[in-house]
Structure formats: structure tokens, C-alpha cells
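Have a look at the structure below before the remarks.
Here the chain labels run A, B, C and D in written order, and each chain numbers its own residues starting at 1.
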Amino acid sequence: MIIVMKPASTAKQLSAVVARVESVGYRTSLIKGEETTIIGVIGDDRPIDRTQFETLDGVEKTLPVLKPFKLASRDMHPMDTLVPLNGHKVGASKVVFIAGPCSVEGRTQILETAHAVKEAGATALRGGAFKPRTSPYSFQGLGEEGLQYLAEAREATGLPVVTEAMSPEQVPLVAKYADVIQIGARNMQNYDLLRAVGKVNKTVLLKRGMMSTIEELLMSAEYVLAGGNTQVMVCERGIRTFEKYTRNTTDINAVPVLKQLTHLPVILDPSHSTGKWEYVTAVARAGIAAGADGLIVEVHQNPSEALSDGAQSLKPEKFAQMVSECRSIALAMGRS
Amino acid sequence: MIIVMKPASTAKQLSAVVARVESVGYRTSLIKGEETTIIGVIGDDRPIDRTQFETLDGVEKTLPVLKPFKLASRDMHPMDTLVPLNGHKVGASKVVFIAGPCSVEGRTQILETAHAVKEAGATALRGGAFKPRTSPYSFQGLGEEGLQYLAEAREATGLPVVTEAMSPEQVPLVAKYADVIQIGARNMQNYDLLRAVGKVNKTVLLKRGMMSTIEELLMSAEYVLAGGNTQVMVCERGIRTFEKYTRNTTDINAVPVLKQLTHLPVILDPSHSTGKWEYVTAVARAGIAAGADGLIVEVHQNPSEALSDGAQSLKPEKFAQMVSECRSIALAMGRS
Amino acid sequence: MIIVMKPASTAKQLSAVVARVESVGYRTSLIKGEETTIIGVIGDDRPIDRTQFETLDGVEKTLPVLKPFKLASRDMHPMDTLVPLNGHKVGASKVVFIAGPCSVEGRTQILETAHAVKEAGATALRGGAFKPRTSPYSFQGLGEEGLQYLAEAREATGLPVVTEAMSPEQVPLVAKYADVIQIGARNMQNYDLLRAVGKVNKTVLLKRGMMSTIEELLMSAEYVLAGGNTQVMVCERGIRTFEKYTRNTTDINAVPVLKQLTHLPVILDPSHSTGKWEYVTAVARAGIAAGADGLIVEVHQNPSEALSDGAQSLKPEKFAQMVSECRSIALAMGRS
Amino acid sequence: MIIVMKPASTAKQLSAVVARVESVGYRTSLIKGEETTIIGVIGDDRPIDRTQFETLDGVEKTLPVLKPFKLASRDMHPMDTLVPLNGHKVGASKVVFIAGPCSVEGRTQILETAHAVKEAGATALRGGAFKPRTSPYSFQGLGEEGLQYLAEAREATGLPVVTEAMSPEQVPLVAKYADVIQIGARNMQNYDLLRAVGKVNKTVLLKRGMMSTIEELLMSAEYVLAGGNTQVMVCERGIRTFEKYTRNTTDINAVPVLKQLTHLPVILDPSHSTGKWEYVTAVARAGIAAGADGLIVEVHQNPSEALSDGAQSLKPEKFAQMVSECRSIALAMGRS
């Protein structure tokens, strides 16, 4: 941490700030410039709230020096973490495709979709049994019945199951059926939930909140890693901006930024990040080209009858086309 | 809902869309313009996902006509809801002040602060026992011990207690000690939690998510109201924007907008909405001038030693000054 | 400026960075922490692009220490700048009201409106002769004819005229008729225009761009001040965010922030910052309560027939009511 | 346009709104729903400000039906516009690469860079002679001298020149030297400038404002097209969001959205849209994969000594590598 003093601050104020910093166990080093003085704070200051020092007399601002995450950082762990999924290693050369409907709507629907996405090249099956919905009047998911259908679809197709847990107490139930537990965008900062999945022996797919910075995403990953679970994939799924032509704005920059900052595999969700099926394939290709390790995509047999997210769901034949195009891009990049 | 057809759509596509809309129980009415045709969908379409119709051939877009919330709307409930708090009615003429530290840090701290804010004019005491923190390395709150100290502070001062519940399973515990259960910004769309507080007999203070729209805030209020709990206060606490000089951007527009759209009382949190104590008083005054029914403010005896949110906490004497200035504004507006 | 080295950087990289910094005329001072080293750069580094140092091997990031603006800063000029307007001094105790239509639409319209706003308590008359419009198919303003009508309205009422110049070559023409030259939000970073108004002997009302930071607003003011024109008022007029219920989001925080950072008077435009007349009065009151030195408000005799900005224009009687309420707030704050 | 009446509006209010709409030359058609009534407005309503109707008694809101742009729209002009550049047609199969320094800093610099980017595969040379800079203390460009060096570089390499005009009066001068006139992001809504380039016989590269929607970008293109100049390329260069790890957020969605909405060629600028050279190549690949017709990239022989934008400039050898990788992606997509 750096503490910048105000130009008009006094020597006494400076001494008081230094004393305060040292009283909580850090060393200090001063640099006197022409207009102001800065105090370098030496030591691992991640646990403290640096802004508290901004309330001291004479202080203008504080600046962070260290990255706030450690376990998620490449600085501490330079090698890529590889996460097993259906015989592949996510984060290695091969790109993976996780596909399926937004919601499990019924037994036939999920079984048919599972077969369809498998045939089209999917690596794993997604589908929600517990659904976070903006409106209390919307379909809220089938609950455990939906999980059972997902498990049945896995039996039938061999595809591992990716599905969301929405609260700490749901984790044991979801873990019983799922291969990968998804933490949804709205729950990225549900810290009790992050702690809960940090203790289970299941891969976690952590989606970036629509309002969250890349740094906050990695801080949430840090919660899971700090709990002892190292099998974490982080997922860009679009952020909220002023642009309203699409549902969200795909932060494609986040792909190379995350690959640089963290050793965890990076997944892109072009369905949520665009919100309209017409743009999903183009953005899926862009994700692979930017270096994503995989994609998670919504696929529905009949989007105009979907109980949720119909507008952004691909039909199976369009998904097959998308997989084919993404594979061409991957090959052009020397991946597979 | 309105469905706008593409300029180049065909009569057959139009018929198919009409048939689809009518098959799910709505009536339709067409308007043929010079460049395109629109379909008016008649009936309460709130439960369906209108965007699913955007996947039908020939459809360009859909537009919502009805407000998505009902119970929270003034259209359905024109009279102000008045929420009792410490002998006052929030939403009526008198403005209320909820004040206290970000976190309960210890017994002495909360007792002293409670006395100080009471003396300065506070209506209720705030303080967090369970803290959502971006970093797993930060102070996470005292838990039930913190709740016990809050209850003790209520005994000592008579101030009702406002404190946060972070997950559905915490609700019974928090309800045991609190007078008002706060739903924090990060949990505004934690729907299981909203359902849980919808079933308890305690007032709910629902904070707007930092990147949630006003409409989404009211949809979350709708969850609580739909559960049967009518004692809800909504709270503007700043939204996330590109401006970085302050921690958040106070959406002061939200105050008159909310007063127009909903019958629920509207509270402003100038501590979080600015993030720096120097601006809290000015924005508190602005909130009262804009028509807020009350304020929730962070107060700490020694901000530079606060375990959380020190930078945005007022010292008790500054809080007293703030109350005094806000009361002058309220009087100038014919409130008390 | 601070340069933060990467944790894995080498001593040789550090030396090279230091050498590069010193080669362009700065002194350096090092602080070696436990995980990384930082380099303090000493001297006025405002003219250089600090990010260029981020391309040097071993550098992780740079952090600014000095504020980038000087002439606009209170650090250099602690006393309030007072700008004369119609016998008052903007920035002193009395709050001012600038009012009038978005566009000058005709002689009768502007004359009638001028009389109406004067009677309601306005300090100055606003009205656009040159209009920046999103669509080439919209009304673009009356040009010089509009300026002549404004001058005639000044003759008739004694109200000074505030009107916009959109390009450097318009400045002499606008300066011939106007008392205050407005720089619109879309032109806040039109640097040739800023330079042009920096050289005229007229007050400048500089509006914040809808997606410009407070710092960028002050940098644009710096252009005008650096040109020699010290009569500058800065104006918050709402920023663009994800919230779509209002046209823009009033950044009310900007009022106390600007009052702290700069000595220039601060004006709020609640018409543009809300975009809907129903919210203008509430936000106007909030602006005065937050410490603004004045307001600029759109007033139209018949908003539903306005050629531009009808939705956000007050009728004269509502404007009179707004002035009255704002004066009560000002009095409550010890202003006049 | 659709006008939505308030649920509590009266028959008399409805009649008055209908009468007002018809008085300005439109036809109306009503749809009475269960909770409210809507009025369909028939006719080309693009020239009027629909929000003015929101001020009429009983009106809740208005909704646009028609796209506000016409000449830029694929609805009116389904075939791709192909823009000639150095013997290629931008918008056809081959992707183009426009490259060069942010600023022309001197004769040697631009000549050497021109040769280097040509060798690496560039189609055209970029370089700024007039520079919009946030700070008045920063390097502002060489002016006409810079244009002369650019022309000399064209002579030497055969690369056409892309360079920015910042104000209407600069257009003739810039047109004298440039092959393509760039309108920078800060000037996207400088309408006098758009009108000026609408009348010259030079291709225009129109960059999206950092605060502008896709629709506003196309409205600005509409200004140029309406002036008679059909040779327009639109350019995504990143938008401003809350994410601060990168300078801007690349709105990769905008690429397929623009390709769908308009017939004009779409260019991506990964240098500005990321702001850090480490991410430029990944985002350049993503742009091609998303369907962009070309890229504009900043290249500098020695980024750490660049007078502007050093942090986001590629060295020539990295640019050559980028071109090679982008060509592989283009080939994988069946382009060249």
C-alpha cells in the first residue's frame, strides 16, 4: 500500500500516519516529492482495509500495490491448473463445450437435449434445476426432480452434469447429482455459498457477476480455493453496461486478462453475454480466438417454448454448426 | 406486450406468431404501419418470458407494456405504506435516521456507539454481525455474539436494531435479535433469502444492488411482498458506474422515481453511496431534499481503527451535525 | 508517479526502468517490499504519459500521485472563484437559476418564456440556437436568427443570455450575442473548442460529458483556464449508466466532490440529469442541498409542442414552484 | 411509435392524446388491454421527438417501433457496401489491417514505421497529426507538418493514409493529404464535423464514442450518409464501463450486431479497446473471429518512448505476429 499525503499536510500529520501504520505491524518508507510526500507501507497488507487510513488527518488517498488475491494468482502458481472433465483436461490444449437448456423443464426435454448436444460435440451437459429469476411470477425450476432427470441424462449419454446451487444448504443435494457445481452470476458474492463449495470435492464453475470486476471474480475464486477446493473454472458471462442492444456486454478483454492473472481455466458463456441467439456463434468463435479454454452455451430443442432464456438458446443444429466453427478456430490457433 | 415484426416479414410469419401467442392464452390485436406491423398482446403476460417470442421467424423485437411488478406498485396500491419504527411511522412526515457502525466489533464499541447515535438523534441502531466481504482474508463479523451485543445495546438505549441476514438459514437467528432485517446489496437477488424474509414477521430493509435497476429492486421487493410480508423499506445505496472518485454513484434520481412507482418507504444510504465520509453529509441533505423518508448512515467512534468501512464512517459529532442539517432541510420542506 | 515492479522482475530490469525514468529528467526513490519493489518518481510528471513506462520489461503497473489538473485545483487556488452574473456572484452565498427552453424556436416563444422565467425568479435566460441532435432528421436550431431573438429577449427582460457554441468557428458569433457561452456535454472534450473559448472574454459554462469522469471535466476546465479565461462554471448534467428509468443518472456526489477539488462554481442541470419533468424539482432541491451554486433548468410554455427536450421541460408555473422550494432549502442551509 | 396510457388515465385524456398525434399528421390505432390502452402511431415518425408526448396528461411512456436510422440500415440497403482501400474492398472476403503510430512524432519515425508495418502485412497506414488529448499539458500533434510526413510515407510505401480531422475547418486540409479521414471517438457526435465529412469525396472511418450506443453510432453514420458520402466504415474501439483492469471494454458483441444492422464495413480497434499491448493480439483475433472486416492497430518502434498511447502500441515484430495469427483465423472462417 502507498499512502499519499495532501500537499498542504503537516510534518506532525505525517508522523501520526507513520505511527498509526507501524502500530498495526507494518514498516514504512517515505518518499518526499516536490508537491507531496508518499508513505510506502511494507508487509502483506491484504487483510487490512487500506481505506481506513484515508480518514487520518493529512491523508489524500491510498493506492494498493499488491494484488488482493494470492491462491488464484499466477504470481504464486505459475503453472496452469488443469481441471478434468469427461476425460479431457480443461485448461490444456483441447477446448470444451458445455451445452444444454437454461432450465430442466421435464424428463423428455432434458434427455432429448442431452442426446442432441452430445451428438453435436458437447463435452458436458448443463441445465438448471434451481433457477434464480428476477420475477416471483416466473418458472422457478423443478428442484430435486430436475436433478434426477439430469442424472438420468448422464446415465444415458455419458455426459457429466453442470448445474447450479443457489444457497449453502443446497450444496450437499446438488453435489449428490452434479459433476460440476455452478455458482451463478447473481451469487458470485454469496460468500456463505462460496465457503460451502470450497469444502466439497466437486469442480466449481464460478460465473462472473454482471456487476463485478475481474478482480472481484478472482477474489471470489479465492474464497473457494481458500476452502481447500482447487478445482475451479472461472467464467465470463457478460457485464452490464449502458449498451442495450444486447442483454449484456461480452467483456472479451477478460479472457486474455484472466489467462494472464490466474492459473485457473477460463470459460466463456456467449448465451448470457449476448442474450440473443443470433449473436451467440460469432461471440463463441471470438471467445475461442481470444484464448478461452471452453464455452458454456444454452441449447433448446424449441426456443420459442422455453420456460426461460428462449431468446438466447440455440437449436441443436445451430449448436452443431457453432461447435464446428469453433473447432476450426481452435485448430487455426494450434489447439484442438 | 407488443411484438414488432420485421419490415421484410411475411403474412405467413405474422399468422404463425399470432397463432403462437393465442395458443398460450392471450388475445391479439394488429396494427399495420407503413414499414412494419405490430401485434398487441392482450392479457396479463407478466408470468411469461416475452423474449421467447423474439425467436419466432419474422419477429424483430418485443416491447413490454405492463410494469413487471404488481404488489409493489402504486398502480395497485396508491396509498403510502407506513412502516412502524421506534414509535414513528416511516413513510409519513417525519424522517428517520438509522445509524451505527458497519460491523459490530465488540461489546463496548456497540454500546458506546448506540448511546452516541441516540444522543445525536438516531431513530434506530444499525450494525452488522454477519459481513459479506470481498476478501476471504478480511474480518467476517462476530456472528451470533454480535447479535447479542446488538440486543444488549437495544436494552440500554431503546433503539431498535437493524442488522443483515446473508442466507435463508440465518433468517430465524437474525429474526430472534433484530427489529429490522437488512438484505444487503449483494443479496438483492438472492431469491431464496427474499422468500425466507417474506415469511417472517419482521420489517425488511431491502438495499438496491450496486448494479441493479430500479425495476429489479422493485421485483425483489415483490418477492418479499408475495411471501406475505408487507413491511418493506427500499434503500438506494449507490450504483456502480465508470466514475471512480467516489466508491459508488448515488442515484439520487431513484428517490423521486421510487416515490412515484411504489408505495413503500424509501431510505437513502449516503455512506455506501459515496464511500467517503467527507461527502456523506452533503449527500444526506440531498436525499432528504429529494424526498427520502429516512437515512441509514455508518457511524464509528474511531473510523481509522474500524475493521470495515472506516473511510465512509462519520464520527458521532459529525453525525449529530448531519442530523441537525437534515432536520433543517426537512422542516424547509414541510416535514419533521 | 509510482512504478510497481512485478514480483518476478529482476535487478537488471529495475535498473533499466530507473535509468529510463532518470533519462527524461526525473529523480527516483526505491522502496523494496516483501513481494515487490516500487519506484517513486519525483518531479512534476503531468506532461508525460505514465502508461508508457508500463511497456518496460518487469513493470507491472504505474499509479498516479499528483492530480492531473493544476489551475482548476483548490490545492493551487484555495479561494472560491466568484463569477459575476446579472449583478450576483455565482459561487458566493446566493444560488442562481438559469432557465429557458432547450431550443430557441421563434421570436414570440423566447420572448414570452424570458418574461415568464424572469417573473418566476430566474437569474439568466438559457436557449439554444445551435443544437447538437442525435438524428440528422431532427430540428437543428435557428442559428444566428436564434441568437438575435435571445439578444432581443435580454433587451426586454434584462436577463443575461446563456447559449451554446458547438465549434471553434462559431465562437466569435456566439460571443457577439451571449453573456455566457455554454460548452455542451457532447463537446466537453472538443479541445479546439475549449481552446477557442479560453481566449474570449466571456464566462464559460462547461457541462460534464455524459460519460466523462469528474477528473476529465476538470481537465477540460484546465484547457479553458490555461487559455487565460478564468471565468468558468462547471456543470453536472447527469451521466450515462445502466439505469434506464431516467434518461441519465444525476451524479449528486459530484457536487460535493467538485466543491472540494476545485474553486470554480458548480451548477446542476436537473433537466438533463433526469430527462423527465416529474423528477426535475426533487433533483433541483437535492442539488441545492448538496451544495450547488446554481441550477440550469429547461422551461417551455408548452412542453408537448417543444421541438426538442419536451419531456424534461417544466412549464413556467412549475418552474416558479421549483424556485420557491429551492430557495427554502437554500435558506435552511444559511444561503440566500 | 407506441404510446402507453396510464392504467388510471381517462377516456378524455386518451382522446386528447389521439387528437394531438393526429394534429401533427399521423394516423392512430388503439388497442385496449385489460390494464391499459396503447395507441399505435402510424407514419414515419423519425423526425419528431417521441418523448414530447410523454408530457401529455394520462401518458405513461412511449416506445419506438422504427429504427431511427434509414440510410445506414440493412432494411433499406440489404447488400454490403464495399469500400475500396489499397486495391482491396473492405467489407468483402479479405480482412484489412490499418496500422501505425498513435501520433506522427517526426519524419523518420513515420517513415520507418510505414515500412515496418507494410512489411508485416498492413493494408494502410494510420497516424495522427491532430491529437485530442485529455490534458492541455500533453503533446498535441505536429499539425500540417505531420500530414506532410504521412503523405511522404505514402509515397515511399504505397500505403494509403488514415488520419483524423478534429473540426469542420480542418477537413479540407486533412482531405488534401489523407485517403481516409478518421472521426475520433470523442468527436462521434460532433455534428458539424460529421456534416463536413459528409460532403467530401474521401472515405470516412467513424469510431464509436466511448460513451455511445450502437444505435447512436449508426445515427452518426447517418449524418455522413445523408450528406452524400457513402464511403463510411464504422469502428468499434471499446466502451467505458466499471471494469478498470483494461482502459476500455471491447464490445465484441457490437461486431455481429453491426454486421446485422448495417451494410457498412465494420472495423475493430483492439489497441484502444484494451489499452494494453499484452491483450491486443488476443482481442484482434477475437475481432476477426466475430466477423470484423478489418482491424486498426497502433504500432510503434519504441513504445516506451511514444509521445502518446505507448502502453497500447505493439512493436512491429509483434504486429507481424498478430497479422499472421489473424490471417489464420480468417482462413479458418473461409475469408482471406
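One rule holds for everything that comes next: contacts are C-beta pairs under 8 Å (C-beta built on N, C-alpha and C of every residue); 3 or more make two chains touch, one makes a residue touch a chain.
Computed from a predicted structure; not experimentally measured.
J.: Could you tell me which pair, A-B or B-D, is linked by more C-beta pairs in contact?
T.: Pair with the higher count of C-beta contacts: A-B.
J.: By CA centroid distance, what chain is farthest from chain A?
T.: C
J.: How many angstrom between the C-alpha centroids of chain C and chain B?
T.: 30
J.: So, what's the distance in Å between the C-alpha centres of chain D and chain B?
T.: Whole-Å distance between the two chain centres: 38.
J.: Provide the C-alpha centroid distance between chain A and chain B, rounded to the nearest whole angstrom.
T.: Their C-alpha centroids are separated by 26 Å.
J.: Of all the residues in chain A, which ones touch at least 2 other chains?
T.: In chain A, the residues touching two or more other chains are 211, 240-242, 244.
J.: Residues of chain D touching chain C in their complex?
T.: Chain D residues touching chain C: 20, 46-47, 49, 51-56, 68, 132-138, 140, 166-169, 186-187, 189-193, 209-211, 216, 219, 222-223, 226, 240, 275-277, 303-313.
J.: Show which residues of chain A lie in contact with chain D when the two form their complex.
T.: 211, 213-215, 239, 241-246, 249-257, 260, 273-274, 278-279, 282-283, 285-291, 325, 328-329, 331-333
J.: Can you tell me which positions in chain C touch chain A when the two form their complex?
T.: Result: residues 2, 4, 6-8, 29, 31-36, 38, 40, 42-44, 63, 65-66, 75, 211, 240-242, 244 of chain C touch chain A.
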